[in-house]
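Pasting the structures in now, so scroll down.
Below are two complexes that have subunit A in common, paired first with subunit B and then with subunit C.
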Partner chain A sequence: MPIGTHWMGWYYLGGITMFFFVVQVITGVLLLMYFQPGEATAYESIRFLTTKVPFGWLIRSMHSWSAHLMIISLTLHMFSTMMLKAYRPPREMTWVSGYLLFLLTLGFGFSGYLLPWNKLAYFATTVGTNIVASVPILGHWLLQVLRGGQDVTINTLYRFFAAHVVILPLAFVGLIGLHLLLIQRQGMAPPVGATAAPRGMKFFPSFALRDLLLWLGGLMLLLTLTVFLPYGPGIPGMDWELGEKANPMAPAYPGIKPEWYFLWEYQLLKEFPPHLFGLEGPQMCLLMIGLLFGIWAIIPWLDRRAYRNQYSQTFSDFGWAAILFLIFLTLAGWDIGSSGATSELASTHNVARVCALWTLAAGVAITIVRYFLYEHRWFVLTGAALLHVALHGLAGLSYLVAGTISLAAAAFIGATMRLLRSRSSGNQT
Partner chain B sequence: MEQTAASDSKTSRRHFLDMVLGASALGWLVSVAYPIIRYLKPLPQTGPTGPTHLTRDETAKLEQNKFVIVPVSGQRVIVLQSQDEVFAFSAKCSHEGCTVTYLPGQSVIWCPCHDGRFDMNGRVLSGPPPKPLTKYLAQRQPDGGIVISEERT
Partner chain C sequence: MKTAAFVLASFLICVTANSAEQSAVASIPKLAEMLLAKDQNGKPIITPEEQAYYNGLNDRLKELLDQAVQKETISRPEHLSILLGLQLRPQKMELLLQNNCVLCHSDSANQTPDTLFVINPEPGTSSRMNLKQLVDDVHFQRGLSCAGCHGGDPTAELGHAHVKEWPEKDRDKNRGWVVQFCARCHSDPGLMHQFNAALPTDQLAKFKDSPHGKTLMEKHDDRAPSCVSCHGVHGIRPAKDPQSKVYARNVPETCGACHANQATMAGFKRTDGSPLPTTQLAEYRNSVHGKALLGRGDLGAPACNTCHGNHAASPPGIAQVSKSCNLCHSANAGLFDGSKHKQAFDEHNWPECGQCHGNHAIAKTHDSMLLTGSGQLCGDCHRQYAKEHPECIQTADYFRQTITQMDEARNRFVAESEKLAARGLDIEPINNQLTELTDALKKSRTYIHSFTRTSFEQIAAPGEEAVKKTDALVNQAQQEYKYRQLGLAASIAIIGLLMLTVYLKLRQLEK
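This part shows the complex of A and B:
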């Protein structure tokens, strides 16, 4: 455990994520004792659990709250690791194993969502699984294997149940073992540029006790939320009221939304036109999401400065640009700013404008903090992300056109700056 | 000279054994993987196929809501009524497969998931769907019943 002038708070986010995972295992096993997968039993057993079983509501609510808190702390953990460049050699595999754990966590969220077999779950799973149909060649086969048939049926629930309670937990525990082993072997990453061996803190008992204290804090927070808001805060995408039972012959209903952490993908699917460059919109969208996830996975190898133990402003900027990109899509997915609109079209424009303004405000605040507090001097990518939302939300260009223009502008400015810099350094020598 | 020949024959023998080992390992893997892959691929759906008569309940729903969703040959089909005419389309949105609904006031078939809109011929009006909705044949029988069947083109 390196101690230094840097803030230590980021080092605890992995531990608290792990705590929420432990809560998930315990409450999950308890839920398993009442849950009966099946066409006539899945929904009914959850209803029985929450209405009749003593403290059944508590266990289910804890499982849901802890899932959301786990995703929040995991996302913060991942972004802080990214910003502090803790993926520098020799810790590349820690980044990759953490990245895979993140994907598995999303898989947990997605598969667990279907199990109560209610209306919302049915459509969320229909859309979510349908995305794999866009995979070239294998798509249709994958879709059938995932769903256990052509459509989402009770067979899908059986498969998701097996994944949620056996396959994913086994993979998760294995990867966590690897992740923790690497951390124990290599120690936690010191700040970038630290040359002298940093002052250390022993993991046991000093750090472990601090971790334990935070776990207690996490438990307090979890119990407070569970008791006062047993069905979630009531925000779309963060609410687990059981609602109506799934009915394949019922139409989807207005205001249907996925969980908040899938909102950005949901919104992106809406932003793609029906056809683009000879491919269908959903295929292009899947390609783009795949590309983004792929880049994220190999960051330790893309950041060449990290190899020299140098701080790369470009990659910090990339992280912030990613956050602004996610903020805009998530807000838009939430339909922020749609109230008071007279028509469907006006509402879409309003949402784009209001969300762009919020994103710009966040961008300006982040930039001020970065400029004065962290003394960052490279803002090309965050600039592009802000130009993107401004062109889309304020100037009314389509999301993709605005994005292409901003990316081109960023590439041009980045290349020019690099050229100027290499010239000026050439002049000096 | 003799030594190299001996080592040559030794390497080629080793090479051969490696090949045999590799091939059998591959064969073993395939024999394990194939049954699992076949096991996971679901069987084709079984159930009634061909033209479907709307039940009395479904007809009542159609009268009341101006639309009803019914299974036809294992597919979800939306049947709608507009000015005494009956139409039928696949209820599976061509975008991401959500079940569409009908807005009688606007004569629009609407998918609430990603806001796709279709006209009364199944063509895309707005939103992200890349293809029109598949049309089904809806016929009113002399006795007032409604029969839905796949359209032959």
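This part shows the complex of A and C:
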């Protein structure tokens, strides 16, 4: 266990994620003992479980809470790995396997959401699966495969159930085995630049016992949240009150939102116009999301400095820019700042303005910490992300126009800075 | 080879179809000219929407339009624009184009403002001459066109001959004739059966007997309404049509047009000689009935005609007030009829329901109506008229206390149930009891109208029982929540102890 210059806390995020996964497995198996998939039984069995079965409420609430906590810790784990460049050789496959685990976790969230067959889940799944229809060429076919028909019906629940309890767990266990095996073989990543860890900590017992301590803390937190907030914190997209049973014949109601970790995609879809460059807006948006996910997957091969065991400020900056990008879209997806608006247009402007202000505040705080604490000197991409939200939220430009201007500005500044650096290094020689 | 033949055949079909279309336009050059006409600024007079509407018309309608243009009943592109701008369905358009009266009377070049049908009459002008309303008129749609009432021949190029039943002059001064005129058809069951077998034909008989009818037809007072006052003139719609003046939600405004107008109502008196008030509409709007009908659009709520009648509209007499209320509030009225109050009210000649609840301004009832103190409804009346029955005051107090207790308990349980639900507890049994309680509360409020303690007790008993049961269930759920909190505290203590043990072990190992 290397002890480097950075905070050791980052090393525990993988462990706590696995702890929440173990909780998921245990509570999931217990839920499975009562859950009966079917049009007349899915909702009723969950209702029976939570109201009549002793500790049934506890099991369902723990399952939901640990799902959200798992996604939080997994996201933090992924970003910390990215910032600390732990993906550099020989750990590229550890990054890729972790990345795939992240995608599978999102799949768990999406498939599990529909299983109680309640109104909220039904409409959110209808909206969520609709996005797939925008995939070029294969969209309609994929939608049919995903839903098991044209619409979200009980057939959709059957296949989501199969995916949630069989397909995804099998894939997840295989990948997590590979992930752990790689970590076991290659050890934890040492700090960038260190040829060998100056000091070390034994995995057994020192690190393992610390991990155990954190797991026990996690369990304590989980139980407390379960008792005091059994249906979640009440934030849209983080709420699992059973409510009414799904009724496919009922009209959809306004304000349906996906789970919080899908909000940024949902908001990005809203920012695209109906048509762009000869393609439909949602198709372009999906292409963009696909591109972003693709770049994220191959970061170990893109970051050439990290490849040489050197610290790359550009990629750290890229990571922070991604965080600011996600913050703005997630806040906007939550309609932060919409209260008091008299019209839909005014509400959209208010949301963009308020979310931009929050993102700018977060960006400034992050930049100050990076500048003084970590002595970073490359802020081109975070600058572009902040310019993007400022142009959109404060100057009123459309999201895409503001994004294009910001990217162009970042490319220009980045190229100029590199040119100046190469000239100054040439002069020195 | 086959492909080439197919392409050639398709081309020939297209060319033939295209030339056929061109020849259709070419056959009506005058109409085509009008369709392409431009104003002084070079702007097309026929808008693209009107042009598109014309293009969508079938051949029959295009032919009728052409004929109208040839005969010069449509002589100007501006006039054509008005007609196309109506965007009528084919059947209506056919009726319109066959009606020379309307064609002529919708062209401003031929008419004075009084005789011109326009699409958007200026505010303040007579709405009789609204072209849009005319083509939606129920009579117009069923084939009774202008000539049906005005006489003449609608297919003739020019012809004005009023029917015999119309007074030759001063038609607007003494409008009693209107009723007789409409009744020519509407009192003829054989004729009306052809159009709507369910439509009554006794309107004239009822109207003649009503205060409206007597005022109009016997006293010849033109302030009294005739048929057109309520139903309109050229834009008459069925009563079930939401745009009809006699549609339930529009009735208060229609009646109020006269009854809320002090000038119109001046001089009219009640049977007791007092002036007829003009506050009914304002009172009704604020009443529980008015809010339901006009505010929420609840068509089950009564409008003026529900209690007063339609063609036989009259103020209900003292004896009839409860009969009107009984139409909807039958349970309350039935209980009242069997109570001691019935006899007492009859002796005093009081209007049963109206005595406590009022008439046009009926407010939402409240349990405080049962208060027995000075200045309160029950208390004041009983102290004045039923001094010999002091037990009645006690009964009223008992009613109010019982109902208030149930209502307060219900509100408390609802709030508590929401709190428990948010804490993740099973509130289904509580909600079941709350349904029982709500039901008993409603019934108890109804049974006040029996004014009998024993009847009321029987109905209120399940409610009081539900209060006890709900209370027990709420306590049980609260205990369950405490148990959960206790369990959490114990779990945290155990986990904390484990954490401490691990920490100490770690320190020991690292020493």
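The definition used in the following text is that the second predicted complex is superposed on the first by the 426 of 429 C-alpha atoms of A that agree within 3 Å, B and C clash if a C-alpha of one lies under 4 Å from a C-alpha of the other, contacts with A are read in each partner's own complex, and residues count from 1 in each chain.
Simple rule for what comes next: a residue touches a chain if its C-beta (ideal position, glycine included) is under 8 Å from a C-beta of that chain, and two chains touch if they have at least 3 such contacts.
Values in this document were obtained by computation on a predicted structure and should not be read as measured data.
When both complexes are superposed on subunit A, subunit B and subunit C end up sitting side by side without clashing. In the superposition on chain A, contact is made by A:Ile131 with subunit B only, not with subunit C. Comparing subunit B with subunit C, more residues of subunit A are touched by B. Look at A:Asn309: by the touch rule set out above, it reaches neither subunit B nor subunit C.
Once both structures are fitted onto chain A, a short way to say it is that subunit B and subunit C open up an angle of 50° at subunit A, using Cα centres and rounding to the nearest 10.
Look at A:Lys270: by the touch rule set out above, it reaches subunit B but stays clear of subunit C. In the superposition on chain A, A:Glu280 makes contact with subunit B only, while subunit C stays out of contact range. By the document's definition of touching, neither partner reaches A:Ser80: not subunit B, not subunit C. Judged by the touch definition given at the top, the superposed model places A:Ser338 against neither subunit B nor subunit C. The least CA distance from subunit B to subunit C in the superposed model is 7 Å.
Per the touch definition, subunit C reaches subunit A in the complex via residues 422-426, 428, 484-485, 487-488, 491-492, 495-496, 498-499, 502-503, 505-506, 509-510. Looking at the complex, you find that subunit A touches subunit B at residues 123, 126-127, 130-131, 133, 141, 144-145, 147-151, 155, 248-256, 266, 269-270, 272-275, 280-282, 344. Residues of subunit B touching subunit A in their complex: 40-42, 45, 67, 69-71, 74, 76, 78, 91-92, 95-102, 111-115, 124, 127-131. Residues of subunit A that touch subunit C in their complex: 50-52, 57, 61, 205-206, 209-210, 212-213, 216-217, 219-220, 223-224, 227, 230-231.
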